[in-house]
Amino acid sequence: MNGAGRNNSLARAMLGTISVGSVLIAWWLATSLELVKPLILPPPADVWVGFLDIWHGYLNVPFWNHFLASISVMLGGYAMAIAIGVPLGIFMAWNRAVDWVVGPLLQILRPIPPPAWIPLAILWFGIGYAGKIFIVFIAAAVPCILNSYLAIKQTPPELLSSARSLGAKPHTLLFEVAIPSGLPTIMTGLRIALGIAWASIVAAELVVSLAGFGFLIMNGYRNLESNIVFVGMAAVALLGLLMNLVFLRIERALLPWREDQDNG
Amino acid sequence: MADGSAEARASHLPAEAAPAVITRSLGDRIEALPNALRVGVMLFFWLVVWYGVVELFGVSKDFLPNPIDVISRIIRLAWEPIGAGALLTHAWASIVRLLWGFAAAIAIGVPLGLAMAYFRPLQWIVAPLFELFRYIPPIAWAPFAMFWFGAGSSAQAYVIFTSSFAPILINTFRGVQLVDSRLIDAARTLGAKSWTILFEVALPAALPHVVTGLRIGLATGWMALIAAEIVAGTGSRDGLGYLILQGQQQLHADLTIGAMVLIGILGSLIDLAIRTAEKRFAYWRD
Amino acid sequence: MQNDLSYENVTMRFEGRSGAVQALERFDFQVSSSEFLVIVGPSGCGKSTLLHLTAGLYKPPTGRILLGGSEIREPGPDKAIVFQNFSLFPWKTVHDNIEFGLRINGIPAAEREEQIKRVIRLIGLDGFENHYPRQLSGGMQQRVAIARSFVLKPRTLLMDEPFAALDAQNRQIMQEELVRIWQTQRPTVLFITHSVEEAVFLADRVIVMTRRPGRVKEVIDITQITGENHWRSDPFDEVIRRAEFQDVRSRIWGLVKSEISVRN
């Protein structure tokens, strides 16, 4: 790296620190000077108290119950979405008859935003786990199906031609050419689905739940405890970030041939 | 390109889609049908399946009404008031909220994205803050939005704003960043000054990206709107999300499903409109 | 010499958006066993179509193509094709790319390894077995693509502008390499190029095709000029300076040029 590059990254780190730092200081000043009411923006100390509150069991529900409630439902719906969405998308792309039959149905369901399913899910499955799993499934299935479909449709034609010319039969073309070739696109779909699944479980919990981060946020709102809302949001963001990082790790491990760095 | 002919396009097709077909299978004949006809027939088929399942198994209307019930409910919505009014009132309320949030997202997102791409220090200042807030799902803002604006339209518009803002900002920023630097160099050698470059080179070149950002922003905004109306709608008695919620609370599944269908249709229309606009703005591409 | 590949009255049409396009018309030709045949002609003259038909990627509506006396009905390793853009499987290493054809054609593992080793040495890529395509230069990638087809011991090797994506230096090296590799097994080669020099250097016979619909315009027998010792075994930059090379080159270029209308 040359001198200018080093200066740039130094300036970048400095400006970044300054910007985040000044936001934190402004938060602290505005609340401690009582420029804004705690309800509008909870002071840092209140947030800490809120965090301890939740950690030690807010309203007598242990922290890990909230954690498990959100994560388990989300992972359940997400796993279902992958298990059904990916094969369906691949199948639709590979077989035009399936595409003709299922395609229009998906086209008509797709524009309905996932949160719009929440009331219907409650109507059908009640306020328990089943309804929330259903919502997460509906929300996450869309990118799983779409990206798997695109992944197969976008297989470079000359790869298929080459493989056929080397003697590949249809199932070899699908499993050894189209699917590996489309795997990056499929993985992108799964990553998008992960984010949507997480947002959906929070939305569902905001509407109706007895535990989970969405419940914490909504309960904080009802009791006018903005610090609880704050901590709930922070926890949701942090977990979302962590899941994304884990996913990127997995993605990189699964697709070694895509990595940018050369190993000799 | 001389090779961009039918030959070049068809040269890699798999055998079953061979360009000049001697014997036409049933599949080929269906393939040759107009797309709209095929989709229409299949949609009718699915409606029949839906109807059949409901009637055959005697599913309760409170659980899953048949399609005719839903359609007649949608039609009746046109004049039968629920809450604040009939269908147009609710659709209008939703659209106004959407447009407020969306307009705010454009007003801040586009100039900020441009400025970030133009002045690198600004990018370094904003990016970390952006990362800090990025992983908060828009709907999780609803409670704070209600603390700040009261439970009503403004809070809902704010949720829409948080949802539309990110794609608009990112796409504008990337659009300007991705402008081929050779274009800018070429303009400079032709004597263009920096304002000319911004307005006559960078902006037009970035415009398709910006419009794409707007399209994604509007789509995510639409999604957030419905969520906001369901979660943060306690103060308002209008909006399509309100209709869905009313259906659930009064155990009128036909109302819930009917409102969902309307939301889907309206969402598709909005998407279609902006896609058409997108094509117009990017007419010079491909 | 016995006939290996024969085209009987082959016609090919495509349904384009602007109506049907006649790609080939009454194409009649015989190729001898182990012959190196190069086809040149204006863009869109149907030479790629001819190659794809020969590979069995699709069937001509009228006419027949016979390979060793039997009609070509489907693609297979006896008529392997090499594309301009290499078409290596990006998710497979060099070793696995070459192994693909052997494996799906049921060659036992031990024999596969032996063959792969042999062909990797032949193309001079020892030590690169575990590299992914993106880690290789264009020339190296094309060597692997040739090896992937060559290892199947095809009766006919079809090459669709294989060196068009390479820079001038690499192109020259690859032409000489191809001659060396080809001479170890001497399959029949059908080679398409836009470069008249390449054609004259490599070919036993050069076919000049007319513009669409493609027909044989003229056949130039290079071996009549070179005699028994074909000049392709000599260094390229030395050969192109010979007067007889220059003569035939400009003659063929004149033929091709007359087929490229001014408006194209």
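Labels A, B and C are assigned to the chains in the order they are written; within every chain, residues are numbered from 1.
As a working rule, a contact is a pair of C-beta atoms (placed from the backbone, for glycine too) under 8 Å apart; a residue touches a chain by one contact, two chains touch by 3 or more.
In this text the structure is predicted, and so the values were computed from the model without any measurement.
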Of the pairs A-C and A-B, which shows more C-beta pairs in contact? A-B
Relative to chain A, which chain's C-alpha centre is the most remote? C
Let me have the rounded angstrom distance from the C-alpha centre of chain A over to the C-alpha centre of chain C, please. 48
How big is the gap, in whole Å, between where the Cα atoms of chain A centre and where those of chain B centre? 18
Could you tell me which residues belong to chain B and also touch two or more other chains? 12-13, 15
For chain C, what residues touch not just one other chain but two or more? 52, 57
Got the chain A residues that touch at least 2 other chains? 158, 161, 164
Residues on chain C engaged by chain A in the complex (per definition of touch): 52, 55-57, 75-77, 79-81, 83, 85, 87, 89-92, 100-101, 104-105, 132-135, 145, 148-149, 152, 158
In the complex, the residues of chain A that touch chain B are 8, 11-12, 15-16, 18-20, 23, 39-40, 96-97, 100-101, 103-105, 107-109, 111-120, 122-124, 157-158, 160-161, 164, 198-199, 202-203, 206-207, 214, 217-218, 220-221, 224, 226, 229-230, 232-233, 236-238, 240-241, 244
Seen from chain A, its contact residues with chain C in the complex are 156, 158-159, 161-169, 172, 176-177, 180-181, 183, 255-258, 262-263
Would you pull the chain B residues touching chain A in the complex into a rising list? 12-15, 27, 30-31, 38-39, 42-43, 45-46, 62-64, 120-121, 124-129, 132-144, 146-148, 222-223, 225-227, 230-231, 241, 244-245, 247-248, 251, 253, 256-257, 259-261, 263-265, 267-268, 271
